[in-house]
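What follows are several structures.
Two complexes, one shared chain (chain A), two partners (chain B, chain C).
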Partner chain A sequence: MKSILRSVTIASALVLGATMAHAAVTDAEIMDDAASTNQIVTYGLGHQGQRHSPLSQISPDTIKDLVPVWSFSFGGEKQRGQQSQPLVKDGVMYVTASYSRMFAIDIKTGDELWQYDARLPDGIMPCCDVINRGAALWGDMVYFATLDAKLVALDAKTGKVVWRKELGDYKAGYSATAAPMIVNGKIITGVSGGEFGIVGKVEARDAKTGEMVWSRPVIEGHMGTLNGKETTMTGVKNASWPGDMWQHGGGATWNGGTYDPETNLIFMGTGNPAPWNSHLRPGDNLYTTSTLAIDPDTGEIKWHFQSTPNDGWDFDGVNEFVLFDLKKDGKIIKAGAKADRNGYFFVLDRTNGKLLSASPFVTKTTWADGFDLKTGRPNVIPANRPGNPANTGADGKGSSVFVAPAFLGGKNWMPMAYSPATELFYVPANEWGMDIWNEAITYKKGAAYLGAGFTIKPLYDDYIGALRAMDPKTGKIVWEYKNPAPLWGGVLTTGGNLVFTGTPEGYLKAFDAKTGEEVWKFNTGSGVIGSPVSWEQDGAQYIAVSSGWGGAVPLWGGEVAKAVKDINQGGSVWVFKLHGK
Partner chain B sequence: MRRVAWILVVLLAALPARAQTVDPADPLGSVMWTTVRDAVFPGAAMVFDDHVQVFSPPVVEDTMNVPVSVLVNGLPDVEEIVLLVDHNPIFKALAFFPVQAAPAFETVIKVQEATPIRAAARTSDGVWHVGGLRVDAAGGGCTVASVAASGGDWDRLNEVSGTAWRRPDGGQRLRFQVVHPMDTGLVDGIPPFFIERLSVATPEGQELARLELFEPVSENPVFTIDLRGHAGSVVIGGADTDANQIAARIGMASTLFGLLEASR
Partner chain C sequence: MGGLRDWVLAVGLVLAGGLALAGVSAPAQARPFDEVVEAGVVRIVVYRDFAPFSSGPDDAMEGVDVDLAREIAKGLGVDLHLMPLTADENLDDDLRNAIWLGPRVSREVGDIMLHVPYDQRIKQSNSLIDTRNEMIVLFSPYYREQMVIARHAATPRLDALHDEDRLSVEVDSMADFVLSGALGGRYRDQTRRFIALPMAVEDLRSGALDGVMGPRSEVEWILRDVPGEWKVSAPMVPMMGHMDWPLGIAVREDSRDLGYAVDGIFRAMMTDGRMASLFRAHGLTYTEPYP
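Coming up: the complex of A and B.
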């Protein structure tokens, strides 16, 4: 009983809206990102990490007309810390958000094109809020890492998953929040989880397929791999670690890296050694709290600079190593700079890792009295290392000391910026100290592996945060802006003689790059702890920043909580341009 | 889901002459049918056809687990069968490509309210043959959280269990289950997360049948299909929306239960 009742023929002209034309991102575009102004295809506005846009339409003279174009809500009940840096390609913004989400937005209209929400298992263990720092673009794909330590490749047009690879076992404490980096078709990643006794590593995968090319654990004694085979051991087993402590030695590579095409080196920072109690691991504990220069083709470590040997204060050395040409004594030195958790601003020769200068960028660094430029080592003040609990009373606690900076660092994750025009670095710093003491601890999979207790205290009544312009030639602070709450957002410099950064109080602020004069501010409605960007589209210079308070400060900040308790949650990205442009 | 809704809005906008009324030919008299039809197979020829049969209990007990059985009898060269639920916020539950299997399957789906459930079989001439039935149900199958979403066992995600039984006609019946929350994305705070594709192949890699899945398929979905011209163990492959891989091998049963099942 078959009856043909209807035979529909509708012209298949189903116009699915105006589809955005996303052209494939090439390796050449990625390498040229610092100079290009019409797109942002890397974290750091170029692999050098300078966070400098050459654009000059917005300047101290014109900035009074800088107004919002649109604001986009990340929605849901997931209003947690928003630490992302947006990417921009062919009129589309790719921005990540809390809880491992990514959004593609039409920049002209602020319309959402797609949204991807990673499905996270219940057992994730992020130490410091459920944040994400940004994405990477290459080919037709956009990539980011998720809180359950997965690397996800999405189709940039649709947001659909192309592939997904495991960076580490989330049940052992591995996590991932940093933006990946693409170097010549390979996607470079690190891992988070230093508080859980994981082993930090740097890995390269084929960006097209996600297949592993090389893996480099950063703790000595562990074996690296290349094309599926073991290659070399990292360092020399037990050279700077006692017994089997290296097996859970930490050194999380949780803040991403930079890349130098001139020397063909990747620079990755490594975190604190695990556990925090340094008396359990006498020795330098290589390669924790270091900057590593790594060959992107093989994963071999070419040089290292360790900023806090045998760290006992959680002074992760993960801070970004920003590449620049140091003009000194009539010469141009291929240099790099790093403002470390430990309070020192380092300038290194990036061809060999030699320490050129170490200058404090915070008012107090009581754990060490400067650095020896010959040996590259700190002059540690032994009295300001927390006492060994093995030598003290029945309560199991070692003697407590007050140290500055606090473990959240003279500078934490938030990336500084460099301006080739002023030849200055702009460092988002914090002035705080801590009481810290050590306790006994043994490793247990998936449990916090600290062996320390602590409370953070602000050093001054009137401010904690300070944006400081540092001269890398002299190590001197040229100007500073003081902020009541701790600074936790990235910095941007522009060709218009401006420096942008956000504050937990909700402001995106702009400063005259030469004088430090505050020339503009706008309250976004929640704390700004993301990294601002700038690009050009249809004749206008745009500025964008994510807004949404959170991150490590409200979770770990101790007495600092007083300074931030009235800041409300949010979750959005704001876009600005000059009125009438 | 958001994407689905958006596409639908665009579709509606692109079809100015969309019929607003019930198709008088629809044996189930569904107010949603013309919308479902135009969204799922726009421009294609379709007929209501009793050769396509859908079986399901007329009154749904559990809207998150509605057993559905589809049988296409007497139509040659069935290349694809889609399962449609008119009154679900997401109409399309799955597409089954028999390849070397019989044009029939059983599975378990979610329904949002009382609704027609239909199967549409595409024959090699491109015509869709549609049959179905109406089930009565209380509300909510697509908009409540999966059991897994409220603290499931992630260690078992994408775990496959199943058995194959030899049948008198020389083929075999295959029944398997995959552990997966199959979240629709319609529950606040729980993103869409579901198995997108499944394949059945010989251990040598020859494809025997294939499935494309969508949000309305139930949590920990179960599938029953009859393979033709293959006896022996099979390999199940697939992936979910987060590209988590599914890979398992299912062997033959030799139990009394197996014999009973095969003669059913």
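Coming up: the complex of A and C.
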């Protein structure tokens, strides 16, 4: 009996697979993703990264009827760290999961169509949990990057591997977790990596074959390549790095990028410089902690904006650069905005990288007193830079400084959203600081070493997380929602005047986009740190989000650990629509 | 051997009693002495790509620590299961991956980790209030490592270096920190940084580099293949003086009896001279953990 049942199940799965017709995804569909409502074929709901769905069936008036349609378990023992954003095409959801897994699910029924599990080697060293942030669709293929720094192209119908390319050597510390991006037939990727030895880069490959088109290391002194030949050097060698330190300068491009068809530019953030001790590397250390504008055809850097020169606080500059039209003084400026780890919300002219405004989106930014709009540089407060271990006392203990934001950032990886209707950004922020000092006793691979010690501390007793509506014209906070645990999930805005985001406490929540009033919540059973999406199918507006606590917060602990210690891990994706639709 | 085992068992019983009184139950993963002997195999963690201690392919590793792992297995009368570990960013991470939680993918832990600095301060955080590395205990220092500079002249003090001396270091190591930061960064610009010291050998041979700074064992190891008169010194470094530290093992906090057993094996080797000859067989100077 058992065996008969099993064969029936397999047969029905096969029939189901055959009936799910997935039409090839075209470059035009990808460029139109922000406006289209029946599918989601890009990370960010459009390469502009606005995370806005024009759909309005679900609104503050109707949302009381928003109910679950199905929930899908990612299964296995790997129940942690679900940071993905689902994609939707022709009735099929493509969602990645922790430990480099991908699932194709029939949206009507919640049935699994196929599952792909990357075989991960034991020696991988992902810094910040075993997460993955999402996939890319193009042609008949679906793509994602794995923790062992491989880029995998799968047949979207079957989940079978079409090609697999190495983004970096995992044994040398490279990894990959960001969603790739397809620009006119090229697949664009960055790379993750540890704190030392690696060099961040942005690369373009032929989406069909996986063959490399161009590679652009983001640290000055390194050579770029195009079609297998060296092109130009990144920056000017030794202009902002001493000695040969540029060779191992860091700057991991670990959070993916956005793309602007109007200016034909890719925007990619870069991570912090190495080594951690800023006193050893006098200079700006370009192009770490920056946003780079890159030509997608050649890999040339067109402009850069560095948010934390000579970073000494681990203020990664990888945060997404979201493109929007800034209406100001009767003009429309092609702008972009970035809520940086360092606590400042930047608005730049995206045609040239000029800084238009820099406004704190957290309550304390002790490391700098604003930005000089003429030079685009921060007014750094030198006393709040961690001390030089070379001047440390005989006990090896340097002075301790308190800095806010903490190194996990005013905002970390989790993408903010923009609503063209309210003309506001919605920033998932966290209010925390850190004590940081030179540690007397550390060892690395059996040898004495000078590390930094740090303790993260919440700034307030009643909340850490804060979802804030920011007006990019004024830099003012219009409303805020305070959350006890740190916010670690992405944000979605809709044409129905709603803002969705998840909380570690397990809730997917919806807010009135204009007032910030909480109008709906649903507990998914584990912390929500993924990015919600919305699309339309058979006359109904759908909402989906992954659920599964994990990521960097539980790894770092400190006093923050108290706010999250009772949260259970998990691994699932939830789908919602209005009852009766 | 029988005598040692009896002694270890007695200690184990006392400890188990203490834990029971405190109401602490031992986690399932614990592999104290009894279980290791019963299983007939000891799992010992060593660093990957770490000549002269543990290097080569995972299934054919060699070096001082690999030899020591064999001695431990022999001493316990069990088979050896060697577990290579990719070094993480610091010792705390390594102890977590090796002993009490395991790497992210396999979650397989070892019973013993070799090459762990024997420094009880790594159990305290800087605040001296919080503890860290609570899940492990340190045992059995077996030699002393020392920060040295090798070049063609002696280097009694760091400032004996010439301003134009080009020294190689492992990137983001203590040696890198000293040459990049000490004396106002005087030697920062001409220091050459490598992912691992063996990558500097070619430039040392050709004369493109004037010397190397790092732990004595690693420096002696790479200089075997570099002809010339090398003067290896342990220099005084401003603010830090001489830098040396003992190396030992780590076990889980509920496997102390296993630590005592290894301690017995290592003590015997140090007393009868086998420890020193094992280091010498690899072309290395042996320095006792405590003078």
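To be clear about the criterion, the second predicted complex is superposed on the first by the 543 of 581 C-alpha atoms of A that agree within 3 Å, B and C clash if a C-alpha of one lies under 4 Å from a C-alpha of the other, contacts with A are read in each partner's own complex, and residues count from 1 in each chain.
Simple rule for what comes next: contacts are C-beta pairs under 8 Å (C-beta built on N, C-alpha and C of every residue); 3 or more make two chains touch, one makes a residue touch a chain.
Since this is a predicted model, take the numbers as computed values, not measurements.
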For this session: Would you check which partner chain A:A35 touches, where first means chain B only, second means chain C only, and both and neither mean what they say?
Result: neither
Problem set entry | Partner chain in contact with A:G76 - chain B first, chain C second, else both or neither | first
For this session: Once the structures are superposed on A, label A:L280 by its partner contacts, choosing first (chain B), second (chain C), both or neither.
Result: second
Problem set entry | Which superposed partner A:A172 touches (first chain B, second chain C, both, neither) | second
For this session: Check whether chain B or chain C contacts more residues of chain A in the superposed model.
Result: C
Exercise. When the two structures are overlaid on chain A, which partner does A:Q115 contact: first (chain B), second (chain C), both, or neither?
Worked result: first
Exercise. In the superposed arrangement, which partner chain does A:Q247 touch: chain B (first), chain C (second), both, or neither?
Worked result: second
For this session: For A:G453, select first, second, both or neither according to whether it touches chain B, chain C, the two together, or no partner.
Result: second
For this session: Look at A:V162 in the shared chain and tell me whether it touches chain B only, chain C only, both, or neither; answer first, second, both or neither.
Result: first
For this session: List the residues of chain A that touch chain B in one complex and chain C in the other.
Result: 121-123
Seminar exercise, completed: In the complex, the residues of chain A that touch chain C are 99, 120-127, 130, 171-172, 194-197, 242-245, 247-248, 274-275, 277, 279-282, 388-394, 396-397, 437, 439-451, 453, 455
Seminar exercise, completed: Seen from chain B, its contact residues with chain A in the complex are 2-3, 7, 10-11, 14-15, 23, 25, 37-38, 42-51, 129, 151-152, 154, 183, 185, 188-189, 191-193, 241-244
Exercise. What does chain A use to touch chain B in their complex?
Worked result: 1-17, 76-78, 114-115, 117-119, 121-123, 150, 152, 159-164
For this session: In the complex, go through chain C and note every residue touching chain A.
Result: 47-48, 50, 53, 86-91, 94, 103-106, 108, 115-117, 119, 121-122, 124-127, 145, 147, 171-174, 176-177, 180-182, 184-185, 188-193, 195, 214-215, 239-240, 243, 245, 247
